[in-house]
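Input: structures, listed below.
In the two assemblies presented below, chain A is common to both, partnered first by chain B and then by chain C.
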Partner chain A sequence: MAKKENIASVLAFEKKLVPSDGYMYGTCWDVRAEQTTPLKLQEKSVRGTISNRQKPAVQKDPAKLNAEVEKANLQTVDACSLAPEQDTLKLHFTLKVLGGICQPSACNNAAFKQSYAKAARTYIEKEAFGELARRYALNLANARYLWRNRVGAEKIEVVVNALNGEKKQWKFDATEFTTRHFDADDNQVNDLAAHMAKALASDDDFLMLDICCYAKVGKAQEVYPSEELVLDKGKGSKSKVLYSVENMAAMHSQKLGNALRTIDTWYPEFTDVEQSAGPIAIEPFGAVTNLGRAFRTPKEKQDFYSLFDNWARGEQLSRTEDEHYVMAVLVRGGVFGESDK
Partner chain B sequence: MKVYIDLTLLPSDDIGQNFLWQKMFQQIHLALAELNNAKGVQPVALAFPGYRVHGLGNKLRLMAIDSADLHALDLSQWLDRLMDYVHISSVRDVPEKVEKYVCYSRQRSKTGVERLARRYAKRHNIELEQAMAHYQDFQPKYLKAPFIQMQSLSGDQQFRLFIERTWCAEASAEATADFGSYGLGKNTALPHF
Partner chain C sequence: MSSDYLVIPRIKVHNANALSSPFTVGFPAMTAWLGAVHALQRKLNQQSITAEFSAVGVVSHAFDLQTYQGAGDFVHSIIGTANPLDKNGNRPAFIEEARCHLTVSLVIEISAMTGEQQNQLIEGVQHLLNARMKIAGGDILQFQTPFIANDFTQFRNQLMPGYAIVERRDLMVEAMEQGEDALDALIGYLQVENHCQPAEVDDQNPPDEKAKVIWSRQRKENAKGWLVPIATGFHAISPLGQAKNQRDTDAPHRFAESLVTLGEFKMPYQLEQASDLLWYYETDLTNNVYLCQQAPEADGF
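Presenting the complex of A and B:
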């Protein structure tokens, strides 16, 4: 264990991959680059059936239970789909890649700041962000950020433009890149990765990318914008609210960011066929909320804090993969101060 | 049944199991319908090894007597766009010793009076109005079985394909079984393992 006199109780990192919200348009595959129309949300009223489990009190009373499950379940929900003549969804967003990872945005302990900066520089000298950038670039190429819209899509094209510095364009057929692993070796991806790595490894440089993703999902098909978390559900109000910006269906920037940093294949259970969740998003405890599980628990010393606390004070980590993971959490950003009491 | 293929759903954040069932089953249904058209009968049966009261689990099993039928399905073609979300096993032999047998069948809900009346009118060869009168005091019965949300390919209708499981004492004669385009059969007991 490293000595703990150098404790930063205030420690924060800004995120280094900054996506915008994603805006959704409808188009036809053959004219996808020229003609697009913004997608609007539609409100639907549907009559469902009561299918959730009933409260124990109701369950025990047969008459009440029957009355309860025989009520129609009227709901108003938001939905979004392509127009009848359209077969392709366009998702548009921008992504800023920032440098300066050696400098925390806030740190109240000079000794810690120094030892951290040294560890980060050693990593950059050794790895130059090659592996992380390659994985981020693959997640741009495989269109993971389409989330449910990606499932079953017939064709997917991704067009990435660099908006600053050297004017460059990359085009990907996303169906050629799987979301299950990062073994692909592709010249276009490697080139995009090299540009991203350069920005990440820099002290104060940045890269601005514009991403247009086209997915042929089929005529008039439903598409899936982000769902808003409704904390205060009033009676009779809408039970499903989708995200829109100025009347245009959209995806939250957080959701795009989550997809881009879904690169963690280094957690212990990844190789276990039964337990594995595939690549998971970079999170300090490896939390996957939908599965209600954390894959990196402090008990197994595989969580960010267990690894970071020693590494930032000059200790070597036993595996390069752990270094990748720690750096990826710093790219994600967050508040990581520890109690000095 | 002699051979089988297991399909395993690989859900992840945001892309849940029920959503994947819906997407995968639509393709399986098409594949089975195609085989049905080509052969006149449909010899592949579906089983749900992870079947529970509240869901179908994460596995779909396709079973047949002749492995040629499973190969003819050409699943990797039908599931081509879902390969990141579904794992397809190779064709495997059904274990020789099986202790339990099971039957999966479709359950139709009795909730829509009009649909029931249409059917009643047809069966009894009477006018729809008379049939409606027959169902005057009708109380809808809701099903509790697990289901797959389906999209009708002919219309824009959504419907639920309810699947019921019944345990059977022993295997039934299955050589001539025809499982239709949903791969479900009321009268055929399949080995459960």
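Presenting the complex of A and C:
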């Protein structure tokens, strides 16, 4: 274990991929670049059915079951859909890629800071963020950040513009890129990745990207903005509250960020056909919320802290993939202080 | 010495901390704004751009607090964010953190500079805001090109439409001089009272049940304007010393609690000069107070 004078109890990193909220517009595929209208949330009240599991006593007694099922299950929810004449969803957001990963934003131990910075510099010299940037770029190209809106879309086009430095534009047909693996080798993606890698590896430079994603989902189809986390909804009966900014349906920046950093194919179960969850988001414990599982547990010494603590103090990691993973967690950012007890 | 003003228009900040003191939710604390500008100055100085930012004015153009109020609810509830699962795949406890999206313009007082220095400064500021800075814990998404002006009336209109936050500690001082408790005084200026009085009885048209009384809403007599509670600094509650695991081992540490007073949002066209807008750091070590305040000569303790 590390010596006591080498422990940073205050240690934090800012995120290096900074997405804005994603704003949702409706349009038609043929005029997608010219005409768009902001999508609004609609409140719906529906009469639902009682379809949850009932107690055995109720299940077995038809009269009781009838009485239960006859109840009106009234629900008020937010919803969002394209206008009747529109067939395409436009999702617009910006993404800032920052450098300066060698400097923690807060660190209270000079010795640790030095050994960490050395390890980070060695990584940058060796890898220059090539692999991570390639994966981030692929996630931009494959439109993973559409989440549920991506499912069943007929055509998806992604237009990425660099807003600073060399003005460049990249166009992708997202359906050509799978979200299952990162084996694709595409010139456009590689070029975008090179720009992102340059910013990530820099000391204090940045890259500002503007992303417009068009998904042809069908006329008047429902689209899916982020749902708000309201723990105490008060007296109101609304059971689902969706996110909107200035009256425009939107996706949380956190949700876009999670999709962009869904690049972890290095966790132990990935190759296991039964257990694998595909690429998962970069998280210190490899947590996947909708499975309620952590794929990198301290027991297997595959979590971020087990790897980072030794690596940042100058030890080599056995696999390059582990180094990619550790750096990707730092790009994600967070508070990683260690108890000094 | 004459001063110039560096104006950074329309900074869009995303997910900033709206929990400005332990008991107020709203516009980020003044310490956040002055702190961000001070951090900007230190980063500029590191790049050997000599600039001294002595005072800051904040003008809010848009403020979107992330709260939810359902139909018929009296109180708002905070819209939370979910934290990632822990090592066992369980959801950790929710910690309520109030966030806001906002657009502000900053007016920063700088000492007079030559043209060349000015260009260097503006380039440096733009780069740092894009690449290195956060404000009030939020991400800076975009801003308009900063510029330097020396006459307040020149750029006042560019701060419109918007609301400058100015200090109304005078109201607190006044109320406390009359013996009011500080918290009572603060709430007293913010509360809206509903009064009712019997309607005049008109014999020809006897009033129906509802119209027998007239309701009126009013605030405290001198509480005109858009008053808000704001956190403006810290009051030390322990002596200077070293604490375990403090962030910066070179600077002494002390425990402190927030100072909250009244502020007012005012349209910039109502302000005569830049000093009506600007906030300064003020340290009063005899009273153990670290404060952001307007007009440094004012004394209200």
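Just so we're on the same page, the second predicted complex is superposed on the first by the 315 of 341 C-alpha atoms of A that agree within 3 Å, B and C clash if a C-alpha of one lies under 4 Å from a C-alpha of the other, contacts with A are read in each partner's own complex, and residues count from 1 in each chain.
Methods note: contacts are C-beta pairs under 8 Å (C-beta built on N, C-alpha and C of every residue); 3 or more make two chains touch, one makes a residue touch a chain.
Everything quoted here is computed from the prediction, not taken from an experiment.
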| item | value |
| --- | --- |
| Partner chain(s) touched by A:254 [first = chain B, second = chain C, both, neither] | second |
| Touched partner set for A:289, first chain B, second chain C, both or neither | both |
| Contacts of A:306 with chain B and chain C, given as first, second, both or neither | neither |
| Chain B versus chain C as contact partner of A:14, first or second or both or neither | second |
| Touching partner for A:179 - first (chain B), second (chain C), both, neither | first |
| Which of chain B and chain C A:151 touches, first, second, both or neither | first |
| Shared chain A contacts, counted only where both chain B and chain C touch the same residue | 288-289, 291 |
| Interface residues, chain B side, partner chain A - complex | 10-16, 19-20, 23, 27, 81-85, 111, 139-140, 142 |
| In the complex, chain A residues that touch chain C | 9-10, 14, 18, 20-21, 94, 96, 98-100, 106, 108, 110, 164, 204-206, 208, 228-238, 241, 245-246, 253-254, 283-285, 287-289, 291-294, 297-298, 303, 340 |
| Contact footprint of chain A on chain C as seen in their complex | 14-15, 64, 68-75, 77-82, 84-91, 94, 96, 101, 127-128, 130-132, 134, 139, 141-142, 245-249 |
| Of chain A, residues touching chain B in the complex | 49-51, 69-70, 147-148, 150-154, 175, 178-180, 255, 258, 262, 277-278, 280-281, 288-291 |
